[in-house]
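For reference, the structure discussed in these notes is given below.
First chain written, first letter: the chains are A, B, C and D, and each begins at residue 1.
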Amino acid sequence: MRKLLMGAAALALLAALPQHARAQDAMATPGKAVSMVLLPKFLGILPFDQAHKGAEEAAKELKNQTPLQFLGPTPQNSVAGQIEIVTNATTQGVKAIMISNNSGDQIVPAAKAAQAKGIKVVTWDSPIPSSEGEDVFVAQVDFSDIGKVMADMTLDLTGPGGGKFAILSASPDAANQNAWIAAMKTALKDPKYAKLNLVDTVYGNDESEKSYTQAQALVDKYPDLKVIMAPTSVGIVAAAKALQDEKLCDKVKISGLGLPSELLAYTKNGCSPEFALWSFVDLGYLTYYTAYLLATDAMKAEEGAKFKAGRMGEFTITKDPTRAKGLRVLMGPFTVYNKDNVEAGAK
Amino acid sequence: MSVLDRLKGWETMMLALLCAIVALNSLGSPYFLSVGNIVNLFQLSIEKSIVALTMALVIIGGEIDLSVASVMGLAACVMAWTFHEGAPMPLAVLLALAAGVLAGLNNAFWIARVGLPSLAVTLAGLIGYRGVARILLEDRAIGGFPDWFNTLGQQALIGPLTAAILIFFLLFLLFAIILHGSAFGRLVYVVGSNVQAARYSGVRVGLVKSALFVGSAFVAALAGILYAARLGSVRGDMAEGFELDVVTAVLLGGVSIFGGKGNLVGVGLSLLAILNLRNGMGLADITGNTQNDVIGGLLILSVLIPNMWQDVRNKWKGRET
Amino acid sequence: MAEPQEIADGAAAVAPILEIRGVAKRFDATQALDDVSLTLHAGEIHALLGENGAGKSTLIKIITGVHQPDRGQILLAGRPATIRSAAEAQRLGVAAIYQEPLLFPDLNVAENIFISHQDRGAVVDWRLMFREAEAILAELGVSLDVRNPARGLTLAAQQSVEIAKAISLNVRILIMDEPTASLSAHEVQQLFRLVRDLKRQGVAILFVSHRIEEVFEIADKVTVFRDGRRISTRPRLEATPQRAIADMVGREIDLTKARATSARKDRVLSVADLGRQGVFEGVTFDLRRGEVLGFAGLIGAGRTDVGLAVFGIEPATSGTILIDGKPVTIRSPRDGMNLGIAYVSEDRRQLGLVLPMSIFANITLPVLRRYLNRFGLVRTSLERRTADAFGAKLAIRPLLVDLEVAKLSGGNQQKVMLSKWLNTNPSILILDEPTRGVDVGSKAEVHAIIGQLAAEGIGVIVISSDLPEVLVLGDRVLVMREGRQMAILDRAQANQETVMAAAMGQSLAESLRSES
Amino acid sequence: MTWLKRRVRPEQIRELSLLVLIVAAIVMFGSFIDGYYSFRTFNRIASSVAIITVVAVGQTLVVLTRNIDLSVGSIVGFTAYFVGTLIANNNGINPLLAVAIAIAMGAALGVVNGVIVAWGRVPAVVVTLGTLAIYRGVLVDLSGAKTVTTDSLPDWLTGLPLVNVTPIGNLDIRPLFVVALVIVVIFQFGTTYLSFARRFYAIGSNPEAAQLVGLPMKGIVFLAFVICGALAGLGGFMFLVRFGNITVEAGRGLELSVVAAVVVGGVNIFGGSGTVLGAMLGAVMIGTLEQSLFRLGISEFWLDAVLGLLILLAVASDAVILQRLRALWGGADLKLVARGADSGAGEQSAPRP
């Protein structure tokens, strides 16, 4: 154990030497043996699996001799599970942990402990709100953009006349969901959305059944509801199905963030004519590159650091404007899907 | 086979199991036997372990308390909320404990006074207390507690041991003494074995049961607070779903779900076994569901195998005569 | 009461319907049955006597297919039979009725009667079932609402349902294991009428009881067991209670000698116009120090309820209780105990003892606080000493104070219960059915103990359905009927007839008249 | 009155008390929510209750025998997911065959529970607490994180929830509800009129007696678990039909709602008494509350608290009403009950889960 610590320390020293590294893009030197852990919110749903694919792709490119560990908790003990995995990874002295954080700031102590052991902590998909214990956050897109896009799509669906809409979120405890909802609320202050009226926010806990009944309940409670905005891949499909079953798709539209492959049918039958998402494959790919670079000390997690991420090209570490402090790598862009491009996206 | 023998048999079995697990783990991972890991191994589910102690008493007393996890959440949320509303931390902690006691009194009232089945009452509690926690925090996550509080859950106090771990061992001793040494403990067994006989012997059954449920809720609240201290921030979903893990640990400890049988040594051993198992699998990069599979299977086999063994023995006896 | 002509047609000797040859059964250490042989003829009532653990119940369990014999064989109507299960026994026409009726409280009476019928088809025809059930019960001269769930039936009623059950299976062999243990004299007579009917119909009956006088009233043959062996089998006429008892316990015992009174002047308990809403009312009596007051009456007459009220488990709603002349209110068992009252329940297994716990834990339960050290921990050493002391005094066997009470015989369990309550140093001791299901040997001991306790100055109330017992023990006998106090008879007045008469509802005067 | 008393028993009309409570609740909601009395509301409650009910029926049988099956939630998820995948992979499959497979799959999982409980003599809580975890774990491990999506399913299946089985006027009743109703009716009659079904009650009511009477205890318990599993399997299929999109999380936590329904439905958790009908009413009670509370305009965050409270009150008032009924039926029985082995106290707080 002590040996390991010393090893880590030595690496850190070595890393400190080359100052010129910052001048041009940090390049990953392939073929190193770097043990890395990819930690999704929980196992069993598609987006995280796609991210895993992307990460594996990157791993192959970088010829990392140590295979990638894809470890996830079960949904019902996601928080405790994520903390446990981070702690065990720390014990094992891995080089980098990539977290899609489902535990809010509750992960901080564990993450800090990991950093203290020289482990690089990279968050993706969902950051650590306080950014403590986190080296950098690989943001799929700018959170405030998500807010705007959600507002735009809503306005699109209600038409210029505007009207009532409601939000169907994952769980009250999902940090990124809450961030996006907050972002949307700020976006709504813009006069051009004046006619949009957010009447309610409900939660489906990322369960199809709960989301389904919640969507139904919404249309019962607000007969003149125009749009349900569901920024969760599980929720949006369930909601679409619910309204289809209610034969209400012509009155109420579903939108939000979802997977084309899952929404294909609903986009074509007009239940969910418009929704947005980014590529989770790319997100996993980029995250892996970032973490690999940090773990091999080819790059340091500080503002302005530029690096090249294989096929995805060049990225820069910047301040995260959507959080008090903290750094982020902005992936982007959004794809807004509709009947024209959804089939392509579903491929 | 008398109860005593059976328990003895059970403990030896659990002990053997524990040794096997430890051996496997230390072979499986070089990190397993490091001090840091041993501490983590306790630390990572210390709150469940604490609650398991009182759950054992409740089940031995012939009842069950499914609301513990929600009470943990409730206490944590009450604490966070009052703190957020500007109350000094110590006060917030006290109020959280008070909330726990209140929840316990509520359970006790319906079970001991009105005489409803504890399963039904605490099932309602499981939903209801979580609900109250939600009302308080809604979609917020409240953190930023004073450092002394966070260190309570995160820093080592004595040697490598954190406050939570120390509290666990203290409570373990305390409850072991209460259950196996004190008059109350004796009454718990009596009530768990035969409520009516207890009543006819002038035992205040209602009082014993009330004590059990209030105690259970109080300790759950304490655990909730420690959990908050360990994680440094509180959310509405705190400790959701812990109740099943806790009950599992207790049953694996040889406590009879029908009450009246079991002891804390067994529960202690089963806790150790589970913690080591989870930790060992974690280090072997086995997580989530697979861990649950193993624990679940273990739970069943721990009762099934002895039964089978007994059957075989009886068969042989049959042949001899 | 016995009708002489009964005996004559009793010994109808044809090929034995049941023959047991050299059956043996061993459980771990104990040889429960050792080379036992027995024959049973159709239309014969064959009594089985023996102390608990003598092997009676093992034999019964073997005949009913619960156990398999290690050696020996069973012949039914001359043909060898192996009975593997209770169901199989029923198919072979063997049915058993046990001391505690085994009904299904949530099923209605009719269903209880027909539960074990395999031949009634897949679909239940309730109307038919109710009709048939009513018919059978009518045949037994019992009136019960067959739609009523069995829960809450009196023991007597449950017993008759059990018999109806047996009859409905048109049995050839009926085994009755202490069917009268929980019946009052009157109900016993009802039961015997049924038994004689069955006998006339040619049913062979194996009758087990601890009540010698009953056995000699009903049985044609008397077989005595001791220590897993058959000691003797005699026609009823040749047998005498004394000899039977001698065979059972291996020594002479007399259960008929009334104990010398030890009653003193001062009243330890006075109860005036005591009542509990809808249960009993107007109960008034004094209990003197050193006196034994018998409570007689049919099951459900309210005797036990008076006991429960005085002890505080189901507190009285009217009337007054004085202890040592001072008025007191008793709302809970604790109150009762603090006032020096002890109530030994009729139901050992459910209400009396914590079976899975040790002897000493049971004995110290009510006064556990006496055994705490200054840290509030229980001093088990002290507990064991207490248990040993009582064990020695009441001759609890085996005297291993750490032994589970469940492992003790009925008599010894009874002694543990007594010890438990004596340990509270009561001045008033209420004994409810103190010898129910207890064998003769232990019964005598229990009686002796009761006398001794009275002599020590304790006021004792004995509630018993065993009329001879009440008469032997009681200085006076309080008779109840349907929740009312009918009479208090002193030694001079009290005898089978007067007590029965009062229990059946005649006034004291009438009952005294009927006596002469 | 006396005639009535002779014919009917408190135990038989105990469901009445629950019915009263439900009606009271509905009237209450109706007075607060405009447009509450509508077929939409009815369908909401009906179809949300349908699945719970079907599973609760099976659970009832198990509970009657003094056991409990906590693995139903996992069984529902298991069948919903795998049958879903099966159908997704070959849309041509015969609907009835699909249903049969679902039921068989559930039954198979029930067999595992049943064997271990009946012949392994392991307490049901222990066994099903274990299989609750194992079944779910196996599901997640085998699934490879794929999700069954509506568009991968044939139209007859996705369309099923929309079918209106009563084309008369605006009367609108959905298939799932009908299925649940049919199941309830079948099992209500079954448990009342089939002699082998009566044994569920018998062995739960007094195991010792059942032993001595020679009832095949093991077989009966086993059967209860198998039926429970099979119905959970059917529930799984209904789950697939209703929600279309099935993640590996499908049906997580369902066991608690089911147990709640059974308990609220007045099935004695210690075995022996209670009816399938009661279980359904319990499910309806909870379903009505869940579905209606939201529309009262109560904030999302208040629902659970209120729901918990109402469930508690339902159980309590139900117990009180039943006691009143029993008392009405004559104190004598009550008195003896109160003293007997399984007295009021014993019945409720005796340690026999």
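One rule holds in what follows: contacts are C-beta pairs under 8 Å (C-beta built on N, C-alpha and C of every residue); 3 or more make two chains touch, one makes a residue touch a chain.
Because the structure is a prediction, the values reported are computed rather than measured.
Number of steps on the shortest path from subunit A to subunit D, with steps defined by chain touch: 1.
Counting C-beta pairs in contact, the chain pair with the highest total is B-D.
Seen from the C-alpha centroid of subunit D, the farthest chain centroid is that of C. Mean C-alpha position of subunit A lies 35 Å from that of subunit B. Centre-to-centre separation of subunit B and subunit C, using mean CA positions: 45 Å.
Taking each chain's centre as the mean of its C-alpha atoms, subunit B lies 29 Å from subunit D. Across the assembly, subunit A contributes 43, 74, 76, 172, 201 as residues in contact with two or more other chains.
Across the assembly, subunit C contributes 350 as residues in contact with two or more other chains. The set of subunit D residues touching two or more other chains comprises 136, 140, 301, 341.
Every pair of chains meeting the touch criterion is listed here: A-B, A-D, B-C, B-D, C-D. If you check the complex, the residues on subunit B that touch subunit C are 2-3, 177, 181-183, 186-187, 189-190, 193-194, 196-204, 260-261, 317, 321. Of all residues in subunit C, those touching subunit D in their complex are 64-66, 85-90, 96, 98, 102-108, 111, 115-116, 120-124, 126, 145, 147-149, 151-154, 278-279, 300, 304-305, 308, 314, 347, 350.
Of all the residues in subunit B, the ones that touch subunit A in their complex are 29, 31, 34, 36-37, 40, 44-45, 134, 138-139, 141, 143, 150, 153-154, 230-233, 235-237, 240-242, 245, 278-279, 282-283, 285, 287-289, 292. Across the interface of their complex, subunit D is touched by residues 61-64, 110-112, 114-121, 123-132, 134-135, 138, 192-193, 195-196, 199, 205, 209, 236, 244, 247-248, 251, 256-260, 288-290, 292-293, 295-297, 299-300, 303-304, 307-308 of subunit B. For subunit A in complex with subunit B, the touching residues are 1, 42-43, 69, 71-74, 76-77, 79-81, 83-85, 87-88, 91-93, 103-106, 108-109, 129-130, 171-173, 175, 178, 201.
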